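Two complexes are shown next, each including subunit A; its partner changes from subunit B in the first to subunit C in the second.
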Partner chain A sequence: MKSQWPDRFLAVAGVLTQSLVYITMLLPPIIVVGASLTAGNSMVFPPEGLSLRWYHEAFQNTAFMNAFVMSLELGFAAMFLSLAIGFAGAYGMDRYRFFGRETLRATALSPLIVPVVVLGIGLLQLLTAIGFGQTFFGLLIGHVIITLPYVVRTLTTSLALLDRSYEEAAANLRAAPHVVLRRVTLPLLLPGFLSAGIFAFVISFGNITLSIFLGFAGAETLPVQIFTYVEHSYDPTLAAVSTMVIVLTVIIMLAIERIAGMDKVL
Partner chain B sequence: MKVNFEDVSDAGSAKQAAPILRLDGLSKHYGDVIAVEDLSLDVADGEFVSLLGPSGCGKTTTLRMVAGFIKPTAGRIGIAGKDVTALPPYKRDTGMVFQNYALFPHMTVAENVAFGLENLGVERSERMTRVHEMLRMVELDHLSDRRPAALSGGQQQRVALARALALQPALLLLDEPFSNLDAQLRVRLREDMTRIIERIGVTTLFVTHDQEEALALSDRIVVMSTGRVEQIGSPGEIYERPSSRFVADFIGQCTILDGTCADAAFRSVNGLRLPFEAPPWRLFAGAASRTCTGGRGGRS
Partner chain C sequence: MQTRRTFLVSTVAAGAVLAAPAIVRAKPFDNVTLTLNGFGGDFDRIMKETVADPLKAETGLDVTYAPGGSSAAVAKTIATPDNPPFDIVLCDSPSVPELIKADMIDPVTPDKVPNVANLLPGLPEFGQHGVPFMISSSVITYNTEETQTPIASYADLARPDLEGRVALFNLENTGGVLYLLAMAEANGGGIDNIDPAFAALERIKPNIVTLTSSTVSLIQLFEQREATAGALWNGRVFAMQNAGQPMAMVAPSEGIYSLMSYYNPIKGTKHPEAVATYLNKALSDEAIGAIANFFRYGPTTTVDLPKAVADTIITFGPEGRAKIKTLDWTKIAEKRSGWIERFNRTMA
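This part shows the complex of A and B:
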């Protein structure tokens, strides 16, 4: 019996570690959601009484609402552009052997390694030089660049796992290459596209560094707006806005779960 | 199984009608590795020909070259009198049943069968008629709205056959269609499938590593080994008169004795003497002065 104590110890340690991880991951959102429901005037947890007044406040705040819309627009635009470019790249790298293929792969994935600050400074210089400084288009290019590695990676994996015999069967059934792509390859890659799309949107929506560098008056994203707001006040409006972002994320996840099943997508 | 086919062992007699499939000096090399070497074969209209051999013998490579998925290194491929060597798969008049069936998982059974007809631009009403006709033929019309994942392996195989035949191809290609089924089902589905193929009379090229399947189904068998044709002949010829030691060893049960020939008889290395005038055994030339023989035991 004595020899069992290391096993016991490891089992208990395992449970403790697991609990600790869950707590550290879940506690911050719980605190934010809790604080947003306060009836008092300061952001504290536990909340002082319950009320939705800070949500009302957040909705009244045009700066926040504009930033929210801006973030949504930018996120979706970056997502679609990134999916289109990323799929073209992933498909080319999967199906063809060409000179510079590995270089292209490394370049597409490099924004994961290059610090975003460095990327931001470089892009700011470049965009200004070519006349796209302080434009939505410039901001969009920046966001496409930082979302591209996730899209390329996810779609490359999906393509590698795709059984080629489906495409061969389609070709054997007289489908021209563009028909094979549209009616067989793309539908079978749908889970990969959903997954890549979520990554792209979330990365774009949460990015702050690049948005500070490339943003301009009238083009503040939500994270930038939250960041600026904190500098002069610290009221529960922030918590309410953050809670809305959390709810939005959960709704997206649930919708995808209903459509495709989360296990297929991630 | 079938008796009235031309005796192909004497060349020339097979030339009575234009062949549906003609392979002329077909080769495929991957660098120094030879997958298929100088394969020539004519398959007549309505004929069922098997490519038989162990894995790596080049039979699947040959089938995939006929379908157009692999580009041959040398040689020509003709289907129904047309040289298709340079044509992409979708411009070749073949219907293929894949080893894993490759039914489109995001389409229903009926949509799978209709897919090829849509690509040919067949009008909707006629398409529907043909789809249900094909599904009735494989006795799966009642499952036309199901997804492939909701079907058994045997049912999936029949859908794959219906899908391949819906286009009325000149040539049916079967890539080991029975290898994913359990032994009992295999024999039954084999019989079902041959009945359908015989009824339609479609010319068929069948790839298998299972000699029993090849012997049971084929009009002619092409025995292959390491990319080369060992023998082409009817099941009876292949079984009774193997033309090489490899074929004798690969087909059926046999005993191979090494030895030498002298005085109108074969003498094995262990001293067993077999006079030349007494089959059922055959001589194969071996290296140098050595000769080997395959003596067949039972004839089951």
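This part shows the complex of A and C:
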């Protein structure tokens, strides 16, 4: 029998590559979490002793806590609005043939192509001109614009993969179109919605550039607060705040796993 | 017997007596809010404690600090001249010429802001445009546990024993521009003749482990001991020392090259008097002294500091001020992109 060494070599190489990728992805958060637990004054890894003092500092820091709440509010608002608009757009483009469909599709995805800083300056001028400069609404509009391409893209794929025979069966049984949408289409698209929602929330939550331009006094997001903080201060409070974000992300992922199963969502 | 009329009169009278303290307490800037772009973190905390909180108590003025990076604040202000988002913009020397060019800064005069008389003589770089409140200088820093021979100049960073151990800013960070100019002038050049600086950089090149635009990355490299020596902001070196790191701070023998941080009152503010009051308070000894004391960047006024604090600030007082090289930031702005291009080509 012929030797199987190329297969074995590839299998070993695959495992090694996988391990390397996972290590590279996991190490930065591990280092941040480790540094946040330091008892010393510097953000170094391994930590100098163990302590929760920097978490205490972070919770006492109203600027960070307000920014954290602001980012959550903005992230969820942008996510829901983006899902509503994005689903309407994706549904329309998937189900109907109309003039300008491709242009609309390209426009919906265009914020991915335009540098965010350009988008930020342009939006700032536009929103100021129409009286929405320095408002939460203006900031929200900006975040919806940058999250929309991910939502449209994800939901378009989900719609394309949807087995239409379920909808047809429901329609055959005399379900009205809105009933089909509510009882058949939307439930079948749930994993797609969750996936698009995660993308939208994460993109909004992590955005700095647009938030700097469209943010205003009293509406600082967490990334902006962190970014500005390191300009002049550099202590483990940052690592503690970042760890809270990591924990939040893990909780969201676990919740989704319980609700729909990660394999269906991603 | 109390009639309805006497009851009403007495009620009104009692109300007036109760309201009187509130009328007496009315302050000049009740219901006025000023917005500044903050520098974030401890900066905003100190400014709140030494400027905003006392002003609130004395005048009723509310101040909000919106963090987000000073370059972005300058860009936002220039992009929306009819409705600027800030009453006062905080930014460093390199950004002030842009605001002047866009005609966005209200000149500051001693009759409006009496405390500008406390500024060190000859300090403001842009005449009546902007009020400087802090001096950040580029200094040499090195780990005293890793190298025993002191490093006294930028030229020393080319020493063979520092091979692969030097970390510096690139020119995206103004700290890089400062050491570049220092090396140019020390070798017979200057803003108009930058060649000697690049010749000096070529000598340091074999020692360089990293060039970065990020102050945080540079600090990380020193704290994690991936680099032994380099050039950094004086306040940041002090912060590392304060956190127990064995990092020395040396005023380079080429001279002290600095930038200043400015308050820039923005044209078109709805509250010019409140802005003037804020600036005056921000130049008080309490405010300037507190920032200098915490960060150990140079104060811009004649404020007196305890000797132990003053000794750690290389630009302190008139003697310290005399060591600072005067720079033409408008010209630097014109030349900078060319220097960056050449730097990236040379140092790659």
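Quick note on the criterion: the second predicted complex is superposed on the first by the 246 of 266 C-alpha atoms of A that agree within 3 Å, B and C clash if a C-alpha of one lies under 4 Å from a C-alpha of the other, contacts with A are read in each partner's own complex, and residues count from 1 in each chain.
Keep this in mind: a residue touches a chain if its C-beta (ideal position, glycine included) is under 8 Å from a C-beta of that chain, and two chains touch if they have at least 3 such contacts.
Since we're looking at a predicted model, the values are computed, not measured.
Aligning the two structures on subunit A places subunit B and subunit C next to each other without any clash.
In the superposition on chain A, A:E168 makes contact with subunit B only, not with subunit C. Touched residues of subunit A were counted for both subunit B and subunit C, and C has more of them.
Contact with subunit B, but none with subunit C, is seen for A:L188 once the two complexes are overlaid on the shared chain. Of the two partner chains, subunit C is the only one touched by A:Q125; subunit B is not. Contacts of A:R97 after superposition: neither subunit B nor subunit C is touched. By the touch criterion stated above, A:S233 is placed in contact with subunit C alone, subunit B being left untouched. Closest approach of subunit B to subunit C, taken over C-alpha atoms in the A-based superposition, is 47 Å. Of all the residues in subunit A, the ones that touch subunit B in their complex are 163, 165-166, 168-177, 179, 183-184, 187-188. Residues 35, 38-44, 64-69, 72, 75-76, 79-80, 82-83, 85, 215-216, 219-220, 223-224, 235-236, 239-240, 242-245, 295 of subunit C are the ones that touch subunit A when the two sit in their complex. Residue ranges on subunit A touching subunit C, taken from their complex, read 40-45, 63, 121, 124-125, 128, 133-134, 211-213, 215-220, 224-225, 227-235. Contact residues of subunit B toward subunit A in the complex are 67-69, 88-91, 94-96, 98-100, 102-106, 115-116, 119-120, 163-164, 167.
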